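You will see two complexes here that share chain A, one where it goes with chain B and one where it goes with chain C.
Coming up: the complex of A and B.
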């Protein structure tokens, strides 16, 4: 296959991982209106759960728990479950807080988790990370075909998640979340219980983020703690804002637009020195795009659709 | 004893970094994520100015001013036009700005770790106790002077009173003939210069690198929330408290967990007292 095509396909495959993360953030922050800057926590938990299930047993110079080399499906299921569980646990103290206070607690938890990942060597092999995690089904296909297969699988996953999130945000449940977002006191009078609704949507977000974490490791075949800095959170938020917060289609498009924006420049064939400069410039480009979009399209590319019953 | 001193130094740097952030939060009402990048900018400005041959102290002084002017420019060009669009738009404009600054500095200065070209200093020994290096001593002095200056400025000058009035209630302040735009300009200038100063301190004690802004902004956020959003004195207390907590915590856990201790403290305090330290001396909680 041609180089450019392979490149485009692998960029889009990565974008689909972000799509799932972005949709998860959208139902939590766009629909329910919570200010969560800690989505990377569950992304990381999911990624590590998948990694320690699927990775082969630790070699003598490595340390990590399990290394069961077992079926990736178990890895994905565990990632979803543990993503949800960690969201449930983190939600217990932090959901008592609102807005800025909630924001800071979630970001603090995500940093504590990242620091734990990089220091608890027995569990995660520390800063060295875990490498060569085998990709499921890889042996049955030629490398070129496998890239296409991965593209199709991830596309299906993200479309399924999109359908699910979309269905949920227009269900009675989704409407109750929107009611809470618009006016919590009024929503209470309609027998909507804030703490229950917030906690459940938080766990749901955790499950989805855990799932996308597992896919992320599947795609990358390696995992290191530096992949899970608050930067990921800001990236996903940026993608969501670009696409249009509150709009699921916007979240989908925003994630793809964002990844393309971020990765396109890396296709240019450059000398090592120039490549460093360009890699910095593309961060600047993302910043500029965000500023301009917020200035001229404050609602993002697609604005939230008004809910009609 | 040395733990006490380290805590004091760590705490006062945190305090300087968070003060400016807290001032913009109070008057402008949004979380300025680009503040962390202003720290980095201060350090890199100093680096650039010493590179072209200026002595370190002059370069540092000039870069603090430069940071202030840059912050003022950002306020005029970026933040003033979108003020009416709500907190989230302003917040994410500042995220965009943070990426922009970070990317541009990275493209110009490269991604290597750098450090200031200042002589290595030895710890001053008093009696049998090792105290601080002259640099740390100087930093403590400057921080103390800045805090006193800021206190006098906000409490006793006309401009300071205007700023506090705008922060409390912008509409009422307007009715009294106070120009909120001028106050905003001034706050941005002061906040950004304080950020520049904090960045230079960080550079003196550690290294100058591209990620320092991102690392610090999370700490700054924590300090600010711990102090009670936008409360200047709460922030001062919170900065020192976190500084001590980080250094004393090292007695119990390994140094890799230094920042984790700080976040643990934040989570604990917020769960017990969601209004932050400010609520210790202000009994009535205010809706944000």
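Coming up: the complex of A and C.
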């Protein structure tokens, strides 16, 4: 297969990880109106949960928990469960707050977790991270075919998550979330209990973000704490704003658009010195796209539309 | 039906509501008037669970409700409105009604595992209400695009959708032109005829006197008078409070 094609497929495969994150953020923020700046927390928890279960036993110079080299399915299930559990626990104090205060608390928790990933050597091997995490099914395929297989699997996962999130968004549960987003006091008079709804959607978001974390490690075969900086949160937010907050199709499209945009400059055939300079322009390019979108399409590429019943 | 007994509500050193007792009998329209800052809305918030009372009790249909959450109180059949009628701006007119459907199941798990969409019966009920109130043509529009009078009317349609036993209206006459006020009065009387009880807060004395069976008057957080409309308009304390000596 041609190098360009392999590169394009790989980028799209990564984009599907972001699609799941973006859909998770959309039901939380776009549908329920919760301004969360900590989605990277559950992404990280999911990624580490998967890694320590699926990775081989730690070598003498490494320290991390478990290393069971177990079936990746267990890793994914654990990532989903622990993503949800951590969201439940972090939600207990932070969901008492609203808007900006909630936002500050969630970003603070995400930093606490990142620092924990960096410093708790016994658990995560610290800043050195965990390497050589075997990719499931890889031995059955040639490298080129495996890239295509990953693309198909990740596409299927992201479509399933899209269907799930979309179904919830347009159910009576989704209606209750939108009602809370629009007018919390009035929603209470419609028999909606805010704390219950907020907590459930927050846990659901945690599960989805945990799932995408597991896929991220599957794709990369390694994990280090610097992969879970607040940048990830801001990237997902940017993707969602580009796609259209409140619109699940927009979230899907925004994530793909964002990852392609972020990686576009990698296609350029440049000298090593110039490549270094250009790579630092990637974020600037995303920033420029965000400014242009906000200027000319303030509701994103696909805006939220009235639901016709 | 609704009994408020010796209710106090303080904000720090401010006595917003002090030793207020009132009774709302089934099928009646009860008015609660007072000047700005009299404590009417605070009392409303206490009754509907949006504020916790500091003393006293609120009893609805034989059940103590003073410590219940607003959603639980709404579940008992008490639906309130707010001073500013904004509805749910980015939900359609139809969805604004469907949120209040009695049969709604908002549980995550039920919706996650089953196909829990709005049933046809509820949609039909909501559409009939919209036809009755002249909003059917706008059913698929976001509420943010409605005019102020349409929003006021939508408030009633929305509340009826939840089959309330009692409606607490917070200043329904505020910012309303005379023609719309007339229309609102007709709607209230029609709904009352269908068996819905009303407790209406306003500071428009004429509106309250025209529509109510019985009126309570508040000033500075206290009840200063109560009686039938003709007694209230001739009450010297009420006249003094509203017009001055």
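Remarks
Simple rule for what comes next: the second predicted complex is superposed on the first by the 308 of 309 C-alpha atoms of A that agree within 3 Å, B and C clash if a C-alpha of one lies under 4 Å from a C-alpha of the other, contacts with A are read in each partner's own complex, and residues count from 1 in each chain.
One rule holds for everything that comes next: contacts are C-beta pairs under 8 Å (C-beta built on N, C-alpha and C of every residue); 3 or more make two chains touch, one makes a residue touch a chain.
Bear in mind the structure is a predicted one, so any value in this text is a computation, not a measurement.
With both structures placed on the common chain, the touch criterion links A:233 to neither chain B nor chain C.
In the superposed model, A:26 makes contact with neither chain B nor chain C. Of the two partner chains, neither chain B nor chain C is touched by A:41. Once the two complexes are overlaid on the shared chain, A:169 sits clear of chain B and of chain C alike. Applying the stated contact rule after C-alpha superposition, one finds that A:212 touches neither chain B nor chain C.
In the superposition on chain A, A:93 makes contact with chain B only, not with chain C.
More residues of chain A lie in touch with B than with the remaining chain of the pair chain B and chain C.
Once the two complexes are overlaid on the shared chain, A:193 sits against chain C while remaining clear of chain B. Chain A residues in contact with chain B (one complex) as well as with chain C (other complex) do not exist. Interface residues of chain C facing chain A in the complex, by the touch rule stated above, are 48-50, 69-71, 74-75, 79-80, 82, 86-92, 94-95, 98-100, 104-108, 110-112, 115-118, 123, 140-142, 162. Put simply, chain A touches chain C in their complex at residues 164, 167-168, 170-176, 178-179, 181-183, 185-194, 197, 200-201, 204, 246, 304, 306-309.
Taken in their complex, chain B has these residues touching chain A: 31, 33, 78, 81-82, 85-86, 88-89, 92-93, 95-107, 110-111, 210, 214, 218, 221-222, 225, 229, 254, 256-257, 259-260, 263-264, 266-267, 270-271, 274, 276, 288.
Residues of chain A that touch chain B in their complex: 93-94, 96-97, 99-101, 103-105, 107-109, 111-112, 115-116, 118-119, 229-231, 234, 237-238, 241, 245, 276-291, 294-295, 298.
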